[in-house]
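Below are two complexes that have chain A in common, paired first with chain B and then with chain C.
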Partner chain A sequence: MTVLADPTPTAAPRDRIGVVEWLRTRLFSSVGNTILTLATILLLWFALPPIANWFVFDAVWWAAPPEVCRAAQGACWAMIHEKHRLIIFGRYPYAEHWRPLIAMLVLIGLIGASTHRPFWRRELFAAWGAGLLVMAVLMWGGIFGLTFVETTLWGGLPLTLILTTVGIAVAFPWGVLLALGRQSQMPIIRTLSIVYIELIRGVPLISLLFMASFMFPLFMPSGVQISSLLRAQVAIILFAGAYLAEVVRGGLQAVPRGQVEAARSLGLGYWPTMWKIVLPQAIRMVIPGIVNSFISTFKDTSLVAIVSLTDLMLAARQAVGDPEWRAFGIEGYVFIGLIYLIFCYLMSRYSQRLEVQLNTGRKR
Partner chain B sequence: MTTFQDPVVPDKPPRVPLWNNPAVRAWVYQIVVMGLVIALAIYLVNNTLTNLSERSIRTGFDFLDREAGFRMGESIIPIEPSDSFGRALFAGFLNTLKVSLLSIVLCTVLGVLIGIARLSHNWLVQKIATFYVETLRNIPILLQLFFWYAVITGTFPNSQEAWKPLPGVFISKSGVLHAVPVADPAHVWIGLALLMGIVATVVYGRWVRRQQRDTGRRPPMLWPALGFLLGLPLLVFFAYGAPLAWDLPVMGRFRFTGGQEITPEFLALWLGLSFYTAAFVAEVVRGGIQAVDWGQSEAAGALGLRRGLVLRLVVLPQALRVIIPPTTNQYLNLTKNSSLAVAVGYPELTSVTDTTLNQTGQAVECITIMMAIYLAISLSISAGMNVYNRIVQIPDKR
Partner chain C sequence: MSQPQTQARNQGAAIIELARVNKWYGQFHVLRDIDLQVGKGERIVVCGPSGSGKSTMIRCVNALEEHQRGRIVVNGTELTRDLKKIDQVRRDCGMVFQQFNLFPHLSVLENLCLAPIWVRKTPRKEAEETAMRYLERVQIAEQAHKFPNQLSGGQQQRVAIARALCMNPEIMLFDEPTSALDPEMIKEVLDVMVGLAEEGMTMVCVTHEMGFARSVADRIVFMDKGEIVEIGTPQEFFHAPKSDRTRLFLSQILNH
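For the complex of A and B:
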């Protein structure tokens, strides 16, 4: 009979842990993988230094006249230094820039607070109401000794954020109604909802914005003027509503039929059934989808630049349109690209985390 | 002893008031909503007609036959400023199709590669792919178009010092110029030979599969297929005495002549749309591959299939069913996003509509035409993809 010796614990072999093992399994696990790694490194070796030089080492980092930039090899961040107020606030009166700044911070604070699940209570709606009121007072002015600022002068990042937030806030109830209409038993209402949703989803946003800027004035009784900001906002709401309707429909379809049947057998009518039983479950399931719609709308608002609204996009275009700084358009685009990227990236990470927390993505 | 009385059965159901009858209510609601929609429509049309006559704007579609008078930067069909608005809009529509189709091809290739790279075991490749996706899809497409246009027109060399990456290819601020073969009658026959080669390959492939099923042995596939696909056209090419002349771009005193030109506007739009949509396609591809149960790959591996075959015969056919519907959506988005060409000045449908609108002032008609065309494109792509989807779907799947 063999007697097994007591196993004496030994440390893992040196090449099985640490950096060597990390490199071996992740970069050089096979011949093919090694070739792939080397080819990638070679590619980066050629691509990265010029990009890094342009971005960092040869760039003009501090305030400097355009001549200095023209002499330099790299990026001209001096242009951003010179124009950042114009890019971020558009044509809003220079002395009053603190107002859109505070309005923007309030809005970002509200969005940030809304991402905290402990805050998902009725008081949040009140906070939003109060916040939007403060923003409206700050942006328009006209009371409390603030000078009145027309909407035609609003611009930059605050405008982009306002278009997005107001757009989603109004489009959301509209989308819920459309989604309910699409699921309805009533043929006329269902048909109207389907036609609206498919019509809007079938055309590009820019055609709706064209419609808003060229056709809405014709729709109004003569003598009635609506500002171009409001027209673009309406187009964004009409557009986002159709997409949100499809998101909400996904949630409605995922609520088990038994829930509706149980509610009806308890004697609840249609609206109480929807309001108390179905919608709370459906909307909870599609919150990640709603956040994604928010991200899309945030990116889509850049299209209002084509119909001459000075949002972040057009403000940057106007900044690089200055003959002095015309050669440095790429820097301007990189700058606002980073702004868009940071906002969208944070929101999309939030949406992914939420998806895991609510466990809706994994469910089949 | 208690006797039970027979319950009193009413001889007819209780009368429900009309306003509590669900069926009646449903119709009342619908009629009210319909009435509101019609009233709104009449109100808007009425206002529009009043406004149009007040501003004495012409109505009707007869402007389509009038002379357009503007020059289009590029077009597939020959077009002159003296041609009609209708023809200009049609040329714009063709340009929309051209840039959409070419972008769909490029974004699919890139998207599949990046999607697979995101699942790679290679850390470096996976990180680069993730960086690509997270950056590109989080920046508005309009900004990316402006960016590419600025890169091409701002950093590329003048046409005098154009880059020459390949013989007959010149890359400069004013776009890409490349050589094209001069048309020759033999080319038709070479094309036909290629077509025959494709048919022969398909037929031969079926025969190979049947042989494998019946005898268990697989006849060689690669070399005969190459013979059909390359050999046949080459044979015809040499039989005609190898007629191949190139129309080379030649630098004149100020500008190039000859060759085929790809304008910077097209290039910016094509690259911008493709790179942007590729990020979304990559996510769809990654999701589709991850949706296939890991057990499928393990089982296939246990049966002795090599990694490539596992991917081709087991994973991809199943992943494809998950991938196709959302990919269609991305193609639709791409086609709609091609309307942003108006920002870089590529003359596709939206920008031609914009010009027409500004020249004729007939906003209602122009926007209606534009929307109708985009709607038609969207509906045909989704109809076509639905048919394809039905074919690849597992038949008995519930």
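For the complex of A and C:
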């Protein structure tokens, strides 16, 4: 038998081009494109300098009394310097701010570790358990010589992060169960899931928060007190769960029928089929939608202000309410806007990384 | 029309028994009074034009489809709505699909080990050893740690066969196992199936591979429009078909 030589490979054409060529093809390829390019340059020409001046060059960067800020043309970052602890920690007792600070760092550390796949082991659960315990002790106090701080005084960024983390951690499995329930063969489970999802999705989160705060206590036996924090937390979970359920359902529907049939023909029961075969495929297909829901949940926690929980948003509003600094509200909102942006951006980046990592089975 | 012959010949007791099985999809009568007995160790090839109900019939055998009237008994277990019985039958039957249906998020080895570990509670180490043995048998052991999408169609189908064998089934059901394959890959899959037949595995194959049917099948079942038209040995089926429908089908598939 003759050995067939492989055909000699030829090099692919170079697709690198020079700067001038790049400009010509990307920015000035047609009349319309040229007009757009010029218009954009013009817009930036006029818009950028004032923005830069306000944010940076004319801004008051150092600690200064409000009079200095009033004299300045630009942003008054001195206001942030003055108020940052109120904004970040809300009404938590001033002398005890180190406690929510450490609690917050522990939480961020745990979340950071959880995004790292080699850490996805049993020890991570133990770390979360220990971390949550430490956080609870720090936030509540009442033991180890720490003064007791009730939840109505919790506030700022730690409160926002706690509401978000607990909200997502509970709402996600809840949403998965609801999605499975909505596809269930059992009519009662299916109907209940559909009614729940449509009902909760059909009302604004604010109304849920109101109901949790003002109506829920009416149904409770007298003497039973549930903190407004817990009630708000439950409302967030119920709400996020309904949205996540629909995202996950989209993934479930995208898993080919043959996958379930193959699993069933091997004798796998319902739960192993879902847990090992369907959900892993369904969830990785809808990671963008899931993270979208997470980001929404994070920002939606700002609505708890309506039931007088001092989250980051309300803390900023209260800081801005100081008559002396009232003129510099924009700076306060820019500051917390930046904090929200950083967290949301990190979530978004993580979802992109996760998509790449989980794509192993689809790569050639 | 005379009833087709349904007895399993020269074989042991029936391991699969279908008696007057009927099924409808809405108004569409997809299976009409199916009678079929398959003996232990027997190799059955089911053929017929598309839409004749042959896939539906084989899928009824392990309850992927529900039959609405009649009796199906597999290895002594009658299929009812009882989930325990359905699970029992599924453990007795391995199934190979046209579209392979490998789990794309799991490596080849994990595809094979999953059911033994979760259904049979086999220790992982033992399950992996068994899996490697079957992978060697379908000559694909070196791909154990790849993902299904990194394999060719023929390799994927051989993995699928190995996956079914890992559960140590009494019966193997093949639902058009070579129909989704490129022509040059059909032989490697058929070779594995011939090997299985030679070892005495009970097999029911829905296939259009007439060469395979001729050389391997003990009996060929010809279906059309939801009913079994004719059952016979390859000799009878190819050389002395009894019905006009069979002759028409044969002329269409053999003279193209």
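Methods note: the second predicted complex is superposed on the first by the 294 of 364 C-alpha atoms of A that agree within 3 Å, B and C clash if a C-alpha of one lies under 4 Å from a C-alpha of the other, contacts with A are read in each partner's own complex, and residues count from 1 in each chain.
Just so it is clear, a contact is a pair of C-beta atoms (placed from the backbone, for glycine too) under 8 Å apart; a residue touches a chain by one contact, two chains touch by 3 or more.
For clarity, every value in this text was computed on a predicted model and none was experimentally measured.
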item: Which of chain B and chain C A:Ser265 touches, first, second, both or neither; value: second
item: Touched partner set for A:Ser348, first chain B, second chain C, both or neither; value: first
item: First (chain B), second (chain C), both or neither touched by A:Ser302; value: first
item: Partner, of chain C and chain B, that touches more residues belonging to chain A; value: B
item: Touched partner set for A:Gln281, first chain B, second chain C, both or neither; value: second
item: Partner chain(s) touched by A:Phe210 [first = chain B, second = chain C, both, neither]; value: first
item: Chain A-touching residues of chain C, taken from the complex the two chains share; value: 62, 64, 87, 90-91, 93-95, 97, 99, 101-106, 114-115, 118-119, 147-150, 160, 163-164, 167
item: Of chain B, residues touching chain A in the complex; value: 26, 29-31, 33-34, 37, 44, 47-48, 50-52, 54, 120-125, 128, 134-135, 138-143, 146-147, 150-151, 154-155, 336-337, 339-340, 342-343, 350, 353-354, 357, 363-364, 367, 370-371, 374-375, 378-379
item: Complex contact set, residues of chain A against chain B; value: 26-27, 29, 33, 36-37, 40-41, 185-189, 192, 199, 201-207, 210-211, 214-215, 217-222, 295, 299-300, 302-303, 305-306, 313, 317, 327, 329-330, 333-334, 336-337, 340-341, 344-345, 348
item: Chain A to chain C touching residues, read off their complex; value: 256, 258-259, 261-269, 272, 276-277, 280-281, 284, 360-364
